[in-house]
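Next, two complexes with chain A in common: one pairs it with chain B, the other with chain C.
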Partner chain A sequence: MRRLLLLCAGAVLLAGASAGQELRVPPSVSAGEDATISTAGSGQATFYVVGPGVASKSSVNLGEEIQLHGQDLRNAGHYMAIVCSSTCQSASFYVIAAKPTNLSFLVHPSRVPVGQENAVSGVALPFDTFHNLVLSPAEVNFTMNAANAALFSRSVHMQQGIGWFRTSSGKTAGTVRVVASVADLSARRAVQQVASDPCNLRMQGQRTAKGITVQTEPVRDCSGNPVSDGTIVSFGAVTANGRSTVDAPIKHGVARAQIEGSGAAVVSVASGVVIGNELHIGAQQ
Partner chain B sequence: MNRALLIILIAATALLMAVAFFMPAGPGATVGVASGSALPGFSPKANTPEQAMANVLLDVKRRNWDRAFVGVSKTSGVDERAFIEDWTGSSGSLRTFSNLEGFESRPLHATNDEAQMRVRLHWSTPVGPEEEARDFRLMREGDTWKVVWPHTETASVPAQVIPVDYLRWDLVSGGAEDEWGARNVDAPHVRILSMNAVQAGDGSVVMGEVVNEDTIPAFVNVNATVVDGSGNAIDEESSFDKIAHILLPKQVSPYRVDFPQISLQRVKNVRMDVKATLVPASADPVIGVMDQRLEPDAQGKNVLRGNLFNESGQTVNIPHVVASFYDNNGKVVWVADGYVERALLPQSSEPFAVEVPRALVGKVQNFHVVVNQYSLGRS
Partner chain C sequence: MIRETGKASRLRGLMRGAAVLALALAGSLCSRAADAPQIQKDQVQLDVSKAGPRAVESLTQHGILRDYGSAWTSLAHALEFNTLDPLDGPFVGTAKKWLTERVLGQQRSGLRSRYQDQSHKLQAIFYAPEGDVIELHDTAEYRLQVLDGAKAVHDERVVVHYVVLMTPGADRWVIRQLQAVSQF
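And then the complex of A and B:
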């Protein structure tokens, strides 16, 4: 392969110095399609074609057309055709990406708290069947839909094969579908909009035979979204025996804990940086 | 010549065996590894409290339960099964995976008929060597001394049905053949809340707290690199087990990274690196930390003591406590951890204690305890 490339490079130098022979190439070829190169003159010659990831050598008859097979032209980019007999002649042509058949769509982040400015972004890149980035001008439509509501829709003119958007997260927690579409192609991604920090954290408690049972009211953020299950709520109780703490996860919207002890207790609740109410619970009778 | 040498060797061996058989172990402080009967199966007569204690512990060490139980006073009120379980543990606890490697005992108080001894037990465990201090009472029964075995209260859980709101996160990960970008799920957002580097003995310690700010569980590991004045890395260590690795959303864990041989004077900078990965996790079991208080223990050490209360219906085989201690400015001045030897049965409590360095006792104004749990057959 290296020898072939060196040979091609030498041939190109010779081709620069030569004149008189004619080589006609198509101005551009679509990736994966057959192409024809015309030659002038007569006699046997050696034909080289060098392109992105491709280098081949064959014998041709001058004056006849040279057929380039689509499988040798699958990579988009700049190609050079060289014909050498007593002298060498070269011509270059460009292979452009074929029709887009696949749309790569990156959306970030996969989870986002509600009400965040410019927190969601997405990038769409169309590729043809040979994984060439399609650079030809096209419109890409981005849409964002919650359960039943359209949150966002924008049409973007792709530049250099890339179209992108940035938008704020919505006000309601839940899964948001983000779709990018170019012509008849589309790609769909999911973004989980999650509740923000808890707001107005409140609990209730009562003494039981085993100690004190405490339970929060449904924990919601300031937009009214239920805070994600699993979020830790810390209950603390100060008694004559010391301090007791329970880190309890929210389940079905509420967190509950059992605190052992029969003495009077001052119970507090917090989640993250949010502090809730305080309860004074008397000793067991 | 060869025959003479053989006869001399046999005679010397027989003499040494006879000496070992008839000569009891010396009195005073007894070191379990080195003391006791030189001949397995033969124990010196327990005519002193020290010898009685040593006999029992050596037989325990050899797992010779019948012989060990002979040294226990009938007044103890424990049967042999309970005595064995006290040493071997149950319910997949840390003790079930541990071995008694040695012991040291010293008398605290003695009269003609009664004595009290303090024993330091050295255990080898899967989480490293552990030390345990226990006080024993011994009584003279006839011409021998026997150990009055303390009756250990074991949690008795009545048969019951405990409803569980099962909350768990599973992870679906993409394969290599997936389309680029189709299966991207962001790693959890985890943040180091504080970091404090202090000199501890000959080495240095980096500690602080880390929080999971995300809405999904995170597997967290904290790494620290200490850097000298020229900007060269001196050493890199991780928090290993001095952290609660799985953090639920909004959960805070202390962490501690030890650099045993590196003086803080050599360190000009510390580079922190917190790694968080998405893992399947469960929100259960919930373990409460009850009656936390700082007080001196029987040996005069300052400890944070309390009880772990298992609020769930699952057995926690090996509970692990990690505690952070704060000064009056809310700065983390120490992080300590400790394993609980006994399993934490459902709806029951087990005591724990972690030591606070003597030098920090006056500084500590507040503390925070988190509980790790290792349960057999569950992630």
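And then the complex of A and C:
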């Protein structure tokens, strides 16, 4: 009885082994490279490959090697190789990404006020020539440079195909170049640093025949950068008749407005959340 | 008593035929939709505890769960019925290109693939500071059948690990990259 059991077990093992040898696939293949699948047995069979971007069917001779061309193995992922004669055998293998040839680099924002904490961030993702995400660990260097000054530099260990940084904006308005580089690959983006909120907003005013003319001093942020033309400055006037407001855009660094009325007025100036000085202007004589 | 002319009778017959045909077509489409493998809500789980640097808000988490599950339903439908329509919307970029090529390849070779009894255990491993990309690891388990015509040439329950990149679209999260790996 024991001998019979051993014989049966041996037969099962042998059958399993021979079935396993029907189809031998490489454990993994680099994207775009040729691969060979070996088959056992003899006679005609149908061979199928199913994977990302691929589904094909062809006739093969069992016992011969099957050549898979690199162009059919461009996409990284899970592939099934199936060979069918009287029965079907299958095996799976993985195609992994090739060397990175392209760096996808997302940088935010494209326009940022100066002196903002953690306001600039970037994410880098390496892709190979077939648009596969490269998942092997790598070092990515992030740098941020103004016209003639290095603002930021950091080396980050890229894991699972992603490296990122976050940093504060610089002190000077102007274009900043942000670069991500992995080995000999690099990607560049530009961030426009603009003046922050106005600082020490001051105006002067005088009565004219038509009312009151007010004009700011050159409007700058706290780092001394001229606030962008087009930024709105609001002039408010409180008179015996009530309150009136005039909005004026900054033009060539200053904002001007004409406030109508002949009575005494208290004029104030503001831009965004910043409030400037007040002027007390007497009534028209 | 009104007598039909021969022409009117033929026209009525044609219209009746067209109505029967339309009903049959609608029935066929409905039965196809019913056959389409749906993923149960509880079969897609998302763990956001390791996501960073940006925290995944609860609404975002629900949106990703809903859209990822829905995308896999569409994928299964596209690959079972060899149709490209379900891929419009849930997939963009490389993911859409690969799935489109797969469907076209299946059409050419007379193959179909069935993804049944799916379950997806998702882990968010990176959520960009500005929320414009999220990387997920999906341990997907499903029964994969490959059919040549009506004959199943492969039938196996598999566990596949996917690295997924999703980005927010106009009205949903879309899959940009769906790349299987041997292990995370």
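The definition used in the following text is that the second predicted complex is superposed on the first by the 231 of 285 C-alpha atoms of A that agree within 3 Å, B and C clash if a C-alpha of one lies under 4 Å from a C-alpha of the other, contacts with A are read in each partner's own complex, and residues count from 1 in each chain.
Keep this in mind: a residue touches a chain if its C-beta (ideal position, glycine included) is under 8 Å from a C-beta of that chain, and two chains touch if they have at least 3 such contacts.
Note that the structure is a prediction, hence the values are computed from the model and not measured.
Visitor: If we overlay the two complexes on their shared chain A, which of chain B and chain C does A:Pro249 touch? Say first, second, both or neither.
Guide: First partner only.
Visitor: Of the two partner chains, chain B (first) and chain C (second), which one does A:Asn241 touch, if any: first, second, both, or neither?
Guide: first
Visitor: What is the contact status of A:His108 with respect to chain B (first) and chain C (second): first, second, both, or neither?
Guide: Once the two structures are laid over each other on A, A:His108 reaches both partners.
Visitor: When the two structures are overlaid on chain A, which partner does A:Ile232 contact: first (chain B), second (chain C), both, or neither?
Guide: The answer is first: A:Ile232 touches chain B but not chain C.
Visitor: Contact-wise, after the overlay, does A:Lys171 reach chain B, chain C, both or neither (first, second, both, neither)?
Guide: neither
Visitor: Answer with first, second, both or neither: which of chain B and chain C does A:Arg154 touch in the superposed model?
Guide: After superposing on A, A:Arg154 lies clear of both chain B and chain C.
Visitor: Identify the residues of chain A that lie in both the chain B contact region and the chain C contact region.
Guide: Common to the two interfaces on chain A: residues 106, 108.
Visitor: In the complex of these two chains, what residues of chain B are touching chain A?
Guide: Where chain B meets chain A, its residues are 165, 167, 169, 179-182, 184-186, 211, 214-217, 248-251, 283, 286-293, 306-307, 309, 311, 349, 368-370.
Visitor: What residues of chain C sit close enough to touch chain A in their complex?
Guide: 53, 93-94, 97-99, 101-103, 105-106, 108-111, 113, 125-126, 128-130, 132-133, 135, 137, 144, 146, 148, 153-154, 156, 158, 160, 163, 165, 177-182, 184
Visitor: Given the complex with chain C, which residues does chain A contribute to the contact?
Guide: Going by the criterion above, the answer is residues 28, 46, 48, 50-57, 75-78, 80, 82, 84, 88, 90, 92, 94, 96-97, 106, 108, 121, 123, 125, 131-133, 135, 160-162, 164, 166.
Visitor: Which of the residues in chain A come into contact with chain B in the complex?
Guide: Where chain A meets chain B, its residues are 102, 104-111, 187, 189, 192, 194-195, 228-232, 239, 241-249, 251-252, 257-261, 271-272.
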